[in-house]
Structures are given as structure tokens and as C-alpha cells.
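Got a structure for you, written out below as C-alpha cells; questions coming shortly.
In this document, chain identifiers A, B, C and D correspond to the written order of the chains, with residue numbering beginning at 1 in each.
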Amino acid sequence: MTPLWRRVVAEGLGTGLLVTVVVGSGIAAAKLSPDDVGLQLLENSFATTLGLAVLILMIGPVSGAHFNPVVSAVDWWLGRGTGSGLSARDLAAYVPVQISGAILGAVLANLMYDEAAVSWSTTERAAGHLWLGEVVATAGLIVLIFALADSGRAALAPAAVGAYIGAAYWFTSSTSFANPAVTIGRAFSDTFAGIAPASIPGFVIAQFVGAAVGMGLLALLYPRAAQAADAVVIPHEVTTGASK
Amino acid sequence: MTPLWRRVVAEGLGTGLLVTVVVGSGIAAAKLSPDDVGLQLLENSFATTLGLAVLILMIGPVSGAHFNPVVSAVDWWLGRGTGSGLSARDLAAYVPVQISGAILGAVLANLMYDEAAVSWSTTERAAGHLWLGEVVATAGLIVLIFALADSGRAALAPAAVGAYIGAAYWFTSSTSFANPAVTIGRAFSDTFAGIAPASIPGFVIAQFVGAAVGMGLLALLYPRAAQAADAVVIPHEVTTGASK
Amino acid sequence: MTPLWRRVVAEGLGTGLLVTVVVGSGIAAAKLSPDDVGLQLLENSFATTLGLAVLILMIGPVSGAHFNPVVSAVDWWLGRGTGSGLSARDLAAYVPVQISGAILGAVLANLMYDEAAVSWSTTERAAGHLWLGEVVATAGLIVLIFALADSGRAALAPAAVGAYIGAAYWFTSSTSFANPAVTIGRAFSDTFAGIAPASIPGFVIAQFVGAAVGMGLLALLYPRAAQAADAVVIPHEVTTGASK
Amino acid sequence: MTPLWRRVVAEGLGTGLLVTVVVGSGIAAAKLSPDDVGLQLLENSFATTLGLAVLILMIGPVSGAHFNPVVSAVDWWLGRGTGSGLSARDLAAYVPVQISGAILGAVLANLMYDEAAVSWSTTERAAGHLWLGEVVATAGLIVLIFALADSGRAALAPAAVGAYIGAAYWFTSSTSFANPAVTIGRAFSDTFAGIAPASIPGFVIAQFVGAAVGMGLLALLYPRAAQAADAVVIPHEVTTGASK
């Protein structure tokens, strides 16, 4: 197993770059395609689909490439009975660094586009139908990740998770944040992908509700998924230099 | 083999989410890109290509991820001589749940976008050239799925079926429904991807004609495809936790 | 080896559907996005990238999925010394059926979109820089296909060839026909993807020049590529039902 | 090992065609979508994502498909202690031919689009936030390539590098040149993808800074990545005809 400090660095870096991809491509899209918000979202989702897949490929062998407190929490929860998956100590280390990384990723995107390092987003995203969108988005993400792990296909997770988020930008009304760390990070940029700080709690709560719904669906579809918690930490079919 | 009740839940969930993807991304596209219907279809096809691939990955190991009464019916038909593939009892369980799931999926999309839970579509889709489009779309889908199964490449089905439907949105005049359950579900939303209830019978008949054409082509190209019916129920190269 | 009649049916069907994809998606794009030709080409290239990849997956195990007289001719030429690849008799059967299939594919696209079954294209495509585009497009296609075969990666050909043509729609000035059969077929539809009959000879000559350039590059890069001719007929790593 | 002359030809051809893809699709996009710069970049990034992936597939088994002096230099640097990776003599041969190829690739794109063979770009790209973009873009590219090599997944590099650059067109402010040879080549075309000659030094310096940052991150995440230098020269899991 890779040492915890290295996994924590990896989670911070990966979550940060994920927010850089989301916020940065959103800034570019809004600047370059000012006349059509749909085209902006198409550009933003194109970049996110590819960028998220690449980041999971890049970081997966080190830390599992969760980039998401909800994914880490579910991994810990499912594996707690069997001693597999993320330990409580790991979880306590992953989550703060995911959040910190997300904030720094937004700052990096702002700086690359010559904006102020921090500008609080003024985009309100608070309504029942948007929270329903987050519940759906997060439930689907949880089912996808643990279904792949349970069926021995964790090597497909990079492309699959990227594709899932790219589609969910479109089919959920909330444009699928599905990630508390990324939600917090996106509050630090008053641009296309931003979310007003006051809208964060509603989104995060909806994401945890979605995670619970996802675990319920997993229990129906993949009754042994709990034993796959290990494969979400680091996909087993990847041979890493670090573990040679 | 996964128990029938679990497979039925999986088919209902998967077909439902497929309609959520199709209808939901159609609503978003029409709202966000009001000036160009082609751009709306590009956004809708982008989301469907990725979303359908992901749903097949997610559900495939449980039920085969048919999401489509025509696919289930062909699987039963091809395998009936050899006792492989879907049994008649399985088929009788799959089809109603696929249709029910599709309807609920449209309702979910409506609710996520703050529309009435149900609004009957007023988009008429009834003309000879559209029915020809459905025949072509469905025939191609059947050939693709069973060609992959027959040649031991069922693991490629998620990406391939997603890509096929994404292309067929464009190259068929009917935008490729190719699925009776999805056709019915799409009647429950008076939005971009809808179809007027009165247009359903023509589309469904064309889809079954297309399935017959597809089976004819399969007999020419892959004479042993009937023996691949089992691989369409659950791809053999997938090791599922449920069947360990 | 699959019997010749079955391979010929496969080549005719596949080439026909390829033209249906190209012409059909071109008609849809021009109708739905009337204000921006670039958006039309983006829609057309999106559909072609996915559709071509899927057709090669569908037909590859039967006939090698050439769909292209230039590819078949190069395969015969490279393999003639060692008795591998397409025989002269095979080549004489493949080419006419590829051309006939291409024409029928254009007719099918016209009919699906409620156009006259045949309308001669009036889009002139005749200029030195366009012919240079076809030389580049075809040379790249030949290098790609035989490079994959020579390095034991023919299983990647479906996605790679689809991606290549999708990119070449954009980076070549001719929008990359790169295929004499498809060129002829596209003359039968006076729509977005059409080519005036008088422009065909120039394009076809440029395509054969490109094939010669491609073989020259192959000789430099992959000196043993000639021995890969067999793998282009039917990829070796595919186990087909027909050859069990 | 493939003889050096063959690898050098391969690097020149591949880098040249990469610039042809970037510049050519940029010209097409600007001509066909004159009203929306974002749409132009979407078309340009679509073509580059697919075209770059295909070129790495095509050339990888011959030379490793670096197409980039920064990648070649890092490969030499990381492997110099263990005698693996590119030798100093190899590096001295790769870099000039990458640059020459890039220039010829721009000329080819110009000629295909009936422009003057050479027109110096007048697009100034010189500002701190753009250089920051190049640092980020190049650092990410280096981490990605060597992370894949170190974890035995070099076979994923074609799709992953294409996807990375396609995303980075959007999430970095500089549209991610990330390559000194391509930067120089793009100066030879006064079109969408061009860069004024006076802006080259700043970009190239930023790219080398990015490479250093990337190596620092690699040391943190993949401490044994230096031993993967060999796998970047020619991916080990590829069996090439040339080395049989």
C-alpha cells in the first residue's frame, strides 16, 4: 500500500486539478461563446469528460483517485465490516485535503485567466428540483464506481466516470456537481461554474442523500459490493511502481 | 445466474435512467440553446452517447442491460432452440418492467427540470420516411449487439451501443428511438425528445420490422449468432460479484 | 476463412451503411443548423467518427471491414508476394460490391430524409489544394491501418479509424473522402456531403496517389508491414463464430 | 530497438502531422464558424483530441511518439542514471527533427487550404497568466505520460494524451501548446492556431518550467518513475514488426 502521506498529496492534487478543469473550461467557454449558454455547457462538459478521465488515470494507482468526500466516505462505510477499503484514519486525512485542494484548484483557474485569485460566486443554486438533480447525480456516481469495482472492471473507471459526469452535466438540472469538495471549491470563482456559498449546504446535503440512495441501489443490484471497497482504494489490476 | 427479481429491478432501473438521460438532456438542450435545433441535437446526442454507455456498464453484469423489449425479444427468439438466452418467463418479466421504468424515467426528468410530472408530448412523428428511419436504426442495433456477442467481444458493447445510438440520432431521419419502451416513456414529456402518443404504434411496428430485418442480416453475416444469445443476457467475460 | 460470398455481402452492407451515415448525418446537420457551416461539419464529423467505428466493429470479423477499394487494393498488393492478404479474385469481388453498396447507401439516406431517391450532387470539388487534401487523407489512412495490423493492434482499428476520419474531416481541406467507393456514392445525393460527378476522377486519382505515398511511408516505418496483410483481411485476435 | 534513422523519420513525420492537424483544423474552424470563437475552439479541440491519439497509435511502436522536445528531454533526464530511456545522442537527433517536422507540418496545412506556404503569425501570446497556463499544461502532460509508463499502462497513452490535450485547450488560458516544437511550427501560419514569433521564447521557457514542475510532482507521486523511461521510448507491451 502506498504510504498515507503520498496518497493524501495525490488526492489534493487530483481534486485541485479537477476543479481547475471545471472552473477553467467554464471561464473559457463563457468568454469565447457569449451568445449561447448551451454551447458553453457543451464546451464545459467536453473538457470535463476528457479531463476527469485523464486525472483518474493519472492519480488512480496512487490513491484510488476519489477526489470526492462522498466516494471516500462510502468506501469507508462499505468496507468497515470486513476491514477492507479506506480506514477511518485514511478518511479523516482524505477529506480535508480534498476540500483544500479544490479551493486551490479554483484559485489556480482564476489566476490562469487573469481574474482575482478569489471572487465569491454569486450564482444561486437553491431549489428543490436542483437538489433532486444532485441526489440523482450522486446516486448514479456511487452505483457506477462500486459496480465497476465489484465486477472486476475498475480499469474502466477513468473513462466511465468521465463519461458519466459529462452526461450528467446535461441530464440533471443541477449540472451534476455530485461532490462536496468540488462544490466548495466552485464557490471561490464568480464565473460560469460557480455556486454561491449560501447554496453549498443544500447541495452537500443532497449529495449525501444521493450517496445513501446509491448504497441502497447497490445493495439491491450488487449484494457483495461491500467487498469491493478495496478495489476502489486502488484498482487491483493496476501494477504501480510504488508497490513493486 | 442472478435471480430473476434482481435482474428485473436492474432492467427497470436502467431503462428508467436511460429515458432520464434522453429526456433530461433534451430539456436542458432546448432551454440553453434556443436558437439552433442542430446544436440541441448535438448536445442531446453527446449526453446520450456517454450516458447509455455508462448505464450498460453499470447494469450489464446484473441483467445484460437490454433496456429494450426488442433486444430482449430477439434474444429469446434466437436462443429458444438451444435453451440459451432469455427464457419466455424471463421475457415476460423483462418487458413490462422496461416499459414501467421508462415511464418513471420520463417523470424523473420532468421533475428534475421543475416541469409537471407528466405532460403528454405533442410532437407528431408519423410518416413513411420516419418509419424507414426506425427500421434502419433498429436493424443496425440488433446486428451490432449480436455480432459483438457472437465474436466474443461483448465487453465492447457498452461503448459500441452508446456510439451507435449517438451516430444514429444523426443519420436516421427519426433520430433513432429504436426501442419500444423508450418510445412509450418519451410520450410522457412534452419536451425536445417527446413523441405524441398517437405516433407510438407506427414507431413500435417499425422497430419490430427493423428487428426482423436485423435478424435476417445476422443470418447472412453471422450464421451461428443464435448460439450467442447467452452472451447477451450477461456477457461471459464479466465476473460479477453476484455470481461468485 | 469466411466464404467469399459472405464477405462480399458484408463489404456491400458495410460500405452502404457508411455512406448512409455520412450522407444522412450531413442532411440532418444542414437542415437543423442552417446558420453555421462549421457546426454542420462538427455534427457530421461527430456522427461519422462514431458510426464508422461501430460499422468496423460490426463487419470486421466477417470481411475485415475495408469498405474502401483503396484499402482492399493495398492489402492485395502488399500480400501478393507472400500469398497473404486479399487474393486478386477477392479484390475483383470486393471492389464492385463496395461501389454498389455505396450508391445504395446514398439512396437509403435520401429516402430516409424524404428526398428523391437520387439527385446528382452539384457540389464541385476540384482544385489542386483539395486534391492535396485527399492525398494526405488517404496516405494517413493507409499508414494507420497497416501500422496497427503490423504491431498486433488490429483490435484498435475500429476506434482508431473512426477517430482518424473524424479528425481528417477537419484537418484536410477536402474533408477527407479518402475512399473511391464512398466518393462515388456521395455523388448520388445533392446534399451537404455530396460531390459533383465531374469531380470524382480527380478525387479518386488523388486517393490512389495517397495510397502510394502511404505505402512508401509504411516501407520506411514498418518494413515488415507487408506480412501484416492477412491481419487486415480479418483481425487475428477476433474469434468469429463463423470460423469456429 | 528500431534503428535511430527510422525513429528519427517517425518523430519528424508524427510531429509534422500533429501540427498539420492543429493548424489545419484551426483554419477550417475559423473559416466555417466565423461568428463564435468558442465554437472554433471546440472544433479545433475535437480534431486535435482524435488526431493526436491516432498519431500516437500510428508512430508509437517505432519511436515512442514523443513529438515533443520536452517529453524527449525528460525521458533522457529521468533515465540517464540507469541507462534506460533516450540516450543523449538520441535526444540530439530527436529534437531538431521534431522542430523541422513541425515547421513542414504547418506548411502542409497552409498549402492544403490554399494559403501561402508560409505566413508569419501575428497572434501575440505573451502575458504572465498565459505563461502560467503553459506551466500547468506541460506539468500535467509530463505527469500523465510517466505515470502511465510507471504503472504499466503505456498502451493507454494514445487515448489519454489526446484527451488531455483536448481538455487542456479549454482549461488552460494558453490553450495548451505544451510543446516547443509545435510552438515553433505554429508560428509559420498566420491563422487561428498561430503564435507570433516574438511570443515563442516566453512559451518555451514556461514549458520547460512546467516540465520541471511535472518531474517534481512525479517524484512525490511515483518515486520509481525514473525507471519507466524505457517504456516511454517504446511501450513495452507493443510487439512491433520491426523488432521481431
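Everything below uses one rule, namely that a residue touches a chain if its C-beta (ideal position, glycine included) is under 8 Å from a C-beta of that chain, and two chains touch if they have at least 3 such contacts.
The structure presented is a predicted model; accordingly, all values stated were derived computationally and were not measured.
Undergrad: Between chain C and chain D, two touching copies, which fits better, same or different residues at the interface, with half of the numbers shared as the threshold?
TA: different
Undergrad: Approximately how many whole Å separate the CA-defined centres of chain A and chain C?
TA: Those two chain centres are 40 Å apart.
Undergrad: So, what's the distance in Å between the C-alpha centres of chain D and chain A?
TA: Distance between chain centres, rounded to whole Å: 28 Å.
Undergrad: Going by the contact rule already set, what residues in chain C reach two or more other chains?
TA: 36, 39, 42, 46
Undergrad: May I ask you to sort the chain touch graph into line, ring, star, complete or other?
TA: ring
Undergrad: Can you name every chain pair that touches?
TA: After working through each pair, the chains in contact turn out to be A-B, A-D, B-C, C-D.
Undergrad: Chain B touches which residues of chain A in the complex?
TA: Residue list for chain A touching chain B: 36-39, 41-42, 45-46, 49, 127, 129, 132-133, 136, 140, 143-144, 147-148, 150-153, 156, 160, 163-164, 166-174, 217, 220-225, 227-228.
Undergrad: For a test of understanding, state which residues of chain C touch chain B in their complex under the given definition.
TA: Residues 6, 9-10, 13, 17, 20-21, 24-25, 28-29, 31-33, 35-36, 39-40, 42-44, 46-48, 50-51, 53-54, 57-59, 61-62, 108-109, 111-114, 238-242, 244.
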